[in-house]
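Have a look at these structures, which come just after this line.
In what follows, chain A forms one complex with chain B and a second complex with chain C.
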Partner chain A sequence: MEQKDLGTYAQNTWCPGCGNFAILNAIKTVLGELNAEGLPLENVVLVSGIGCHAKIVDYINVNSFYSIHGRVTPAAEAIRLGDPKMKVIGFAGDGDAYGEGIEHLIFAAKRNIDITMVIHNNRVYGLTTGQYTPTSPQGYRGRSTPEGTKELPINPLELMLASGATYLGRGTSHGIELLKKLFKEAILHKGFSLVDVLQVCVTYFNMYEYYDKRVYELKDHNPLDYQQALNKIREWDYNRDARIALGTFYKRGSPTFEEGFFKQAVPPPERMEKIRLILESSI
Partner chain B sequence: MNEVSFLIGGKAGFGIDKSGTVIAGILNRMGYRIYIYRDYPSLIRGGHTFSIIRASKTRVACHLNKVDIILALNQDTFNFHKARLKEDSLIISDSDVVKIEGVSNRVIGIPITGMVKEENAAEIMRNTCVIGALCKAAGISWDILDEIFRKEFTKEIDINLKIARRGFDAAREEKRIEGLGQAPLAMLTGNQAAGLGLIRGGLKTYISYPMTPSSPILHFLAEMAPDFGLKVIHPESEIGVVLMALGASYMGERVAVGTSGGGFCLMTEGLSFSGMSELPVVFIVGQRPGPSTGLPTYSAQTELHFVLNAGQGEFVRLVVAPADPEEAYYWSAVSLALSQKYQIPGIILTDKNMGEGTFNFDLSSMGEIREEPPLLWDRKSEYKRYLDTENGVSPLAFVPDRNAIVKVNSYEHDEYGITAEDQQITTRMNDKRLRKATYLAKDLEGYPCVKTYGNKDSSTVLLCWGSNKGVCVEAAERSGLKVVQPLVLWPFPVKQFQDALQGVKKLICVENNATGQLTRLLKAQGFGTDKQILKYDGRPFSLDELQERLSGV
Partner chain C sequence: MDKYRCTVCGYIYDPAAGDPTQGIAPNTPFETLPESWVCPECGVTKDMFEKA
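Take a look at the complex of A and B:
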């Protein structure tokens, strides 16, 4: 499968200035590069959940699985388990992956299954018109919390590190070059990889200026060092004002879940013979 | 002797379940047809658990309340079950711990606890001792016991045989059970048969979160996985289960999941997704009494309307309810094939009675299982995952395919699988998906969707579905009635059902629920019923109980 432009005829319905465009453009570029480097595009499946982010699969002309809210990860895992050639990239919102579907994300990290999760973390529910999410800062006033949220956000990277993820990165929708680098690294990483993208919702939670003032790229950071990774991940807790590090926090080689799963099916005649043997042994 | 029933009871952890299998194995070896009813509470150690093993000259699929021999390893077994004794019933007990009082039955009391201690054996081996005593009491030769023990006990066979011999030598012959000379048949639980049927149907992947009464399918298939090249996965939750199944289905794998009502609740969003995305998945739903946690280790037929209606939106599904292991095998294979052929969810309704009961299984009685190859993409025109066709079934391509882009979608979508909210596309795609029901129903006309038994000329019919068939057939045979059993419940096999009711005047519906779920389904199909016999105490009808209830109507 060779394509110059990975686009489709679907009309893009994201708001002008939406952070999702950066993710869309970055992933298209990365897929093009990987394709040029020898990855057949038919070996790629994109999975998405429900929310603004999820439309991304309609806009890219490769295999896709448009799942339901919170359920990107388990579908992506099973697709990966279906064929050792597959590169499975899951796209999910913060409400999707860190809220409704958090159990699946923790377990996928725990299994170190070789899939890539890209989280469109705009820290607000967009498509349902502006409610708080698991990563909204405390006090966030949304339509379901007009007095401001009383709970603290989770730090998803800290949670993923604790769960056993073997690649963790963070970028922003104002930094497409870094996104490309992180996506490519994550896709090529053997094991569970997650890139948290501080993707801005221009309509309900415009954080462009806030992020622009605080972000910096990690330098002299050793991603093989768990403690360094944890320290950098904890530098900003998604709540208090702090410097926000971007880049590759953590990267570790480790056995993956799917090894040993790719077995040949038994052909029907042999299958029937084995069934007969089982029945005989039950007499 | 044409038939004999045994009850063995004790605490959970005594090995009661295993003993039931061994006793059934011995009788099976002697040419009897067997059935085991298992009754156990939801705990790991203690409580009261028992099995009733029924052995008969002809095939049986239900138990009797009255039993011929009680094997009592503790006092509770005698106290709780003495009402099951007939005048000539025999009690074999561990005289060290059981006191038999207030009955005039013959008793063989053996100091089993002491014997096991003398041999320095584990307490659990009391059951091998009582089986030894049973064989002597029933005039069953030591050779048969020896043979079955060597098959059933792979570990510590010598000590097990030694202890059984102590029981054998200490007992006396009281109630001779003669061999029948019939060739023995395989013995399977409904759950094992469903698992084998899935394998027969080309299962590649089985995904399940443990839940009684379907966990044994997960255990069985996990054991079979290396031999058959299966993927068996136990993920984080039933939601994870169903979404993984949909992912596997997308990859072209024949995939099934197993659960009970509570787990199926969590799966319904995935069920609806299966309907919309046209990704086939087979769901085994083992029924147990509800609502909510209900009685986890007991049985019911309460999920018929749940599975018929579960999931938001309107979509086609196949619902079948096998009654015994042979039907479970057949319909598991068929459901996998038809579900993939029509790209729809298939639901197999079982229950604890069928799933965990042990029955004889005869592969040769089953008839041919038709191959139903799925419609594959012809590779000539551009691939459209949701191509609108005459029967609504779109040709399949599976990733990775160099020439096809496969896009599936939970949103309404166009033929390529790209999201669409257009009115015309919405109507057209609904029609496309729903049209499949007509063709599926036509296909099902070639399958035994409704079966009849008993006196075919009787104008009174016992209607039943699922595991009640066994007890209904036997009751009908004894009282000259006819039995009609719909096996496929959706799409409802109207024509076959009408044919089965030719000349029938009175319909009595027998169900293990409180509200008459089959009656309600039949009413919606335009069939009225006359009487209902309902039981909803978590236990199946015994033959004697159903006969008594029948005499009341």
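Take a look at the complex of A and C:
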């Protein structure tokens, strides 16, 4: 399958100015480039969850799977394990992946399974009209917290680093060129990769100006150095005002989960016999 | 005539092509687009564009 425009007939229903447009257009460009470089688009599967972000799969004309809330990661893992040819890219919101689905994300990072997760981190539940998420800053006033949240946010990149993720990057929806670079790196990375996108929800948490004033791109940073990555990740805790680093924080080569998994695969004719022997030997 | 890029979604307004989705004829400079014109890709207004 070859095509120049990966668009679909689905009408886009995101709010004007939504940060999701930058992610959509960046990923379409990257998929087009990878296709031109020899990646068949039929070997790409996109997975999305529940939230405004999830509609992204309706707008890109490649194979996709709509999962349920918090379950983008396990669906992506299963597709990857089912067919090692597949490039699996999961799109999830912060409420989705860092909330209900956080355990799946931690274990996918721990396994180093070769999938890419793009997190539309707008730090608010937009689709349900503005409740706080795990990455909303303390004091965020939303529909469910009219007096402001009392909790501190988590730092998802710090958590992912500690969990064993082998590629970690961060961009913003106001920097489409960097997003393209990060998405391409993450997709080509062998192992678990995650790009946290500070994606702006214009309706319930408009942070364009806030981010524009504070973000900077990492320079002279060695992504192979765990300690350097940790220091840069901890520079901003998703809560207090600080400089916000963007770029590739961490990148490490490591065996993937499926490398060991696929070795044991047995072709169908011999499979039943093999299963019988295993069962007999363990009784 | 300069091209302009939408800072939200990356769409490029090319004056040579205009914008048939909103009845903008080819060879219409960005500066003369009506204030009601919005990015055909993501719907933001003209002030969110910058020179490409």
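Some notes on this structure:
The criterion applied here is as follows: the second predicted complex is superposed on the first by the 261 of 283 C-alpha atoms of A that agree within 3 Å, B and C clash if a C-alpha of one lies under 4 Å from a C-alpha of the other, contacts with A are read in each partner's own complex, and residues count from 1 in each chain.
In this section, contacts are C-beta pairs under 8 Å (C-beta built on N, C-alpha and C of every residue); 3 or more make two chains touch, one makes a residue touch a chain.
All figures in this text were calculated on a predicted structure; none of them were measured in a lab.
In the superposition on chain A, contact is made by A:Glu77 with chain B only, not with chain C.
Between chain B and chain C, the partner in contact with more residues of chain A is B.
Contacts of A:Val45 after superposition: chain B is touched, whereas chain C is not reached. Residue contacts after overlaying the shared chain place A:Ile176 against chain C, while chain B stays out of touching range. In the superposed model, A:Glu280 lies in contact with chain B only, and not with chain C. Shared-chain residue A:Phe21: touches chain C; no touch with chain B. Listing the residues of chain C that touch chain A in their complex gives 7-11, 38-39, 41-45, 48. Residues of chain A touching chain C in their complex: 12, 14-19, 21-22, 24-26, 173-174, 176.
Interface residues of chain B facing chain A in the complex, by the touch rule stated above, are 28-29, 184-188, 192, 196, 199-200, 202, 204-205, 207, 224, 226-231, 233, 235-237, 239-241, 243-248, 250-253, 269-270, 273, 361, 363, 399-411, 413, 417-419. The touching residues of chain A, when paired with chain B in their complex, are 1, 8-10, 40, 42-43, 45, 47, 50, 55, 57-58, 61-68, 71, 74-79, 81-83, 85-86, 103-104, 106-107, 261, 263-266, 268, 271-272, 274-276, 278-280, 282-283.
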